[in-house]
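If you scroll down you'll find the structure; I have some questions about it.
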Amino acid sequence: MQLTNRSKQVSNKTMTFSESLFLPAIAKGLAITLKHFFSKKVTIQYPEVKRYLGPVFRGRHILKRDEQGRERCTACGLCAVACPAEAISMIAEERTKGEEHLYREEKYAAVYEINMLRCIFCGLCEEACPKQAIYLRHDEFVPVFTERDQVIWGKDLLVEDMNNRYKREAWTKEEARQLDQLKASGKVTTVETRAIP
Amino acid sequence: MELTELIIKSVVILVVFGLTLVIAMYSTWAERKVAAFIQDRPGPNRAGWGGLLQPLSDAGKMFFKEDFIPAQANKWLFIAGPGIAMITALMTSAVIPFGNTFIYGGKEVAMQGVETNIGVLYVFGIVALGVYGIMIGGWASNNKFSLLGAIRAASQNISYEVAMGLSIIAILMMSGSLSLREIVNQQHGGNWNIFYQPLGFIIFLVCAFAECNRTPFDLPECETELVGGYHTEYGSMKLGFYLFAEYINIFVSSAFMSTLYFGGYNYPGMDWVYAQLTGALGATTGHNIASLIGMGVLFIKALAFIFFFMWVRWTLPRFRYDQLMDLGWKKLIPLALVNILITGAGILLLKPWLTALLD
Amino acid sequence: MSEIDLISDKGQVARINQPELVEELTTLNLGPTHPATHGIFQNILQMDGEKIISGEQTIGYIHRAFEKIAERRPFYQITTLTDRMNYCSSPINNFGWHMTVEKLLGIEVPKRAQYIRVIMMELARISDHLICNGILGVDSGAFSGFLYLMEKREEIYEVYEEICGARLTTNMGRIGGMERDLTSTAIRKIKALLETLPAVLREFENLFNRNRIFMDRTINVGPITAERALSYGFTGPNLRAAGVDYDVRVMNPYSSYEDFEFDIPVGQSGDTYDRFMVRGEEMWQSLRIIEQALNNLPEGPYFADAPEYYLPPKKDVYTKMEALIYHFKIVMGEIDAPVGEVYHAVEGGNGELGFYLISDGGRAPYRLHFRRPSFIYYQAYPEMCKGVTISDAIMIMSSLNVIAGELDA
Amino acid sequence: MKPVKMAEAPAGHSGAGFFATSFDQVIGLARSYSLWPLPFATSCCGIEFMATMGAHYDISRFGSERPSFSPRQADLLLVMGTIAKKMGPVLKQVYIQMAEPRWVVAVGACASSGGIFDTYSVLQGIDRIIPVDVYVPGCPPRPEQILEGLMQVQHMAQNESLRRRNSEEYQELMASYNIQ
Amino acid sequence: MLTNQEVAEHIAEKFDGSVADFEQPYGLLTLTTTRETIIPLLAYLKDHPVYQISFLTDITGIHYPESTGKEFAVVYHIHSLVNNFRTRVKVFLGKDDLHIPTATDLYASANWMERETFDFFGILFDGHPNLTRILNIEEMDYHPMRKEYPLEDATRQDKIDALFGR
């Protein structure tokens, strides 16, 4: 049945005499594999050599602090709503007097938990966050677990360590796009990574 | 038999046995490496330098894995299967002449497990037994996949033995002897049989692939169709025996092919080397070293064949069962018969003419 | 079972009603964990020796209730489901779903976004066919060719990674356009791919296409006539192999497919070899499309001007009230979807992938039904493998390219 | 490429105890470099396992490239992808058929916990029916993470006593899953 | 090219009284018919010399628990490849009488689609060769896609529902 005028017959099933002899095609195949035998190996020797995962890779989560070390999260719950796996849960609390150096907003997450086995690393939480608080790191994975009770990560593991801050070239996609255009035009060659969104 | 002779014989047998095992063991490593290299990857490189401890690692694991016999299986046959496969595989290497003679204490000792005048027949006899290991194991497992594998193995081996035997008859017609050493000695220097029997060699090669159950004829195990074929139900060292037997078979058929068609331990210019060595080192040492070189040559040939086996395995798709039978019965056997006719005609007509011409 | 159909070599059917003969048949359970089933499904085969007399399939081993989940998730979260449906070509599923929603909402996607989508969808089609044809090689016993293709697929994944940050479950589209624009690195990588992929494809073709062992294994194995194929609801490469040049991209162009020139490869008799060749040629056509799309990639925005559906720029969210309100509304899923029903089809890796969406104006679809090509054509399998050997049955199965995630949904 | 350290004799130890422990270590090492996987691939993660087998990541460097589709021959059950309730009994059967020592890795969110598929038809984590040794997060995990999981199992195999599988805790664990 | 208008008029004329509710949401001709007419209608359109609407794209079900007497709908998407023309046919069924004739005699592909619809909604296709569950386990005692049944697995423990009202 012909429906369009764009069809193209691609399958030719009649064998020529030399094809029916088996050996020429076998020799050709052997030549191809032999070429590969001597060609350069593409393998990345993983634990020793690590591959650059790209500027926007969606790895393990981090709860950012701002430049004064205050937690950015205000426990609005958008990330939890956006999470298709329902992996995020949190309990919000009002900031009391004297906690201004700890929390940036008036409300904060007293408990913030991500179930790392539920998480599907889709990046919707990062996209949903209006406070630049939650990010998926582009340079680290979530490690493997051996026990079931390690998998729910609380704030102790999620909140950024001020001594070892997570740095990135661009913190929003618009910024990343701008940066890429600058790089492509040659105006910028090296970009400093910075810790502050 | 004198005691020294007995000891020497035992040593030779042990050496042959050990060599076969070591080569088979490292064939598993080579298989992984060759596969990896063909597929643009480095292969095992963590267990020992370049993964050289990989075979030991596999063996260590297999020895200490739970030995399991399925409840519905026939227990004795289930155990006998891998045993038979292993024994027959090891027995074949006995008659292969690995080198010329060694002179020890004024005695010439052949570098060969057993020197018989029916070497070729012996190999055929033992190889034919080898399929029982697979058949018994596959049947005793009481698994449909295993049974299918066993049936395939049996019919495949029987069919291809016919063509294999026929292809060798041409060689036997030329050499007039069934002794492998005799056949080798007739190919002195570069006078190898491959130049007289190219067609016979190709037939033999194809049949050797089929007898070893290697791709493109690996239907009895055939991972994507029969899961593991005859060894689906086997684990631990019993599986190890089956896999090991396969590699021994590959080694033996490689050595056998080198012997029959590629002059065994002969190589061009060997007389000159021999003369140099005996001249420089004296008759005994020189002879021994020349023999060692010959042995090395044979091993290089055999290893090249082993590489070829692996190379083909990682290149070609496999046949279907009926196509395999078709190839065996309808193509290879007639071809082998034609080969015999040509050889016979050659011996009758061409040889007198050639000898007359040369004289 | 008292009656069985026996098909002789000449195609004659003999009905046999002999109990003693029926008892001779073996029942072979192929799957659900058989190495050749790749995904998970079960075939219970009645065998006479190696010959398959009849077969029956059981599916549902990874039934995940996509359609039920979709009724509880806001529109934008459904991409995480479609990603996992046909996981070999998830961008096609994704954009297909987005186009369905855009059709419902009446959003016109800018040309640039459409072109980027075309590039991504064709890359996905290539990666899908790479796996299918490679696996056919593996099932016929040749493993290396498959890994050569996988090396290239890795580069396709690098492109995805550059754009969205994941390899397989990309989640790269958004209602109204793309999440991110093509970066210059991504364009460079796609161009590199356009240059290097042909050599690898040609090498793979050299390994298989005219190799007699492979041809013997595939020619006249599992043929299906165009008529039967249509009756069984075949679409995509499997239907084209039977000689019907039906392609949604041409018949109902979406996402600017009408701008590109490409051929529809067709086969002769719908056997395994035809399916293999059609998929092989489709990769070449996809390369053609990508090249055209990349050369004519228009400038402009990569998302539609639809503030109530597409998330506002982050900077505005932090500073402007209006943007923040939209941001909240979109994330909470409170978009004003009209009441209505839409059917939209795209040419998936395996054929017509349809989305039947009924909206009652709520935050989630009232009902979302996926027309999954794998599910529909896999029912033809027993008919196709009747009378062939088990080896052929496996070749037929992998040439059909049944993706379990799509099959069971 | 770094060579494997074959268990060297610690100074000051001798006697039967030493031999027993170093023997354990040697066999542990052997096992760890010969973990033949059974790829129980049901969905997306299976595709990433193909990538792990492929040239870029090459699982064979760890000696694990021989996939054993027969459970009798496998040491490592890699469960990759969603396990539906319909599939649960099959998975358990496969696990029971495996010979000791056996390890189980749940690769990806679905196998580990059900992932996004919190539905009536999906098993919420395979550890409800079989014991799991290593969980690999990700949906699907990158090949690197699958390799991490494998290396974790290697680590376990190296530090495991030969007799662990006869120990009481192990028997209890099995009994808690109703596995004989 | 066929127009919706043309086909709709023709069908309305041919099956007078048993087809109704002609609409074209998003350009796709949609009509409703009864369970007595559905198979003759499909057969007629399939064999029609001009229309040749002979490709069954999809069969699925919908549950409307609110609308009394028409709780369930079976939706057929059919397609004419030659004319590139799609049509959607709906049949509404009451929850007490979920019987509808099978389309397997017309289309081989209807087999599994109908089984799936049965599995999800419990709609009984009379004359179907093997109307059993297809995706779910045999032992399941309800039809999960009906609106009243929950999506979630009741055994999940690692989620706090109270937090966001889910």
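Order of writing sets the chain letters: A, B, C, D and E. Residues in each chain are counted from 1.
We adopt the following convention: contacts are C-beta pairs under 8 Å (C-beta built on N, C-alpha and C of every residue); 3 or more make two chains touch, one makes a residue touch a chain.
Model, not experiment: these values are computed from the prediction.
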| query | Hey, what chains does chain C share as contacts with chain E? | reply | A, D
| field | Chain whose average C-alpha position is farthest from chain A's own | value | B
| Where's the contact count highest, between which chains? | A-C
| task | Starting from the Cα centroid of chain D, hunt down the chain whose centroid lies farthest away. | result | E
| field | Chain whose Cα mean lies nearest the overall Cα mean | value | C
| remark: Expressed in whole Å, how far the mean CA point of chain A lies from that of chain C is 24
| message | On a C-alpha centroid basis, what's the spacing between chain B and chain E, in Å? | response | 64
| query | If you average the CA atoms of chain B and of chain C, how far apart do the two points sit, in angstrom? | reply | 46
| remark: Chain-centre distance (mean CA atoms) for chain A and chain B, in whole Å, is 52
| message | Where in chain B do residues touch at least two different other chains? | response | 35, 38-42, 223, 227, 314-316
| query | When you check chain C against every other chain, which residues touch at least two of them? | reply | 34-35, 60, 63, 65, 68-69, 80-81, 144, 147-148, 151, 169, 207, 211, 213, 230, 244, 246, 251, 408
| Among the residues of chain A, which are close enough to touch at least two other chains? | 1, 3, 26, 29, 32-33, 36, 41-43, 45, 53, 81, 84-86, 115, 118, 120-122
| query | Chain pairs in touch? | reply | A-B, A-C, A-D, A-E, B-C, B-D, C-D, C-E, D-E
| Okay, in this complex, where on chain D does chain B touch? | 1-4, 6, 26-27, 29-31, 33-34, 54-55, 58, 60-63, 65-70, 72-73, 75, 99-101, 162
| What part of chain A is in contact with chain E in the complex they form? | 1, 3, 77, 80-81, 86, 89-91, 115, 118, 152
| remark: chain A residues touching chain B in their complex are 26, 29-30, 32-34, 36-43, 45
| Sites on chain B touched by chain A in the complex | 34, 37-42, 311-312, 314-316
| remark: Interface with chain B, chain C side, in the complex: residues 26, 28-29, 34-36, 50, 137-144, 147-148, 151, 207-208, 211, 213-214, 216-217, 389-392, 394
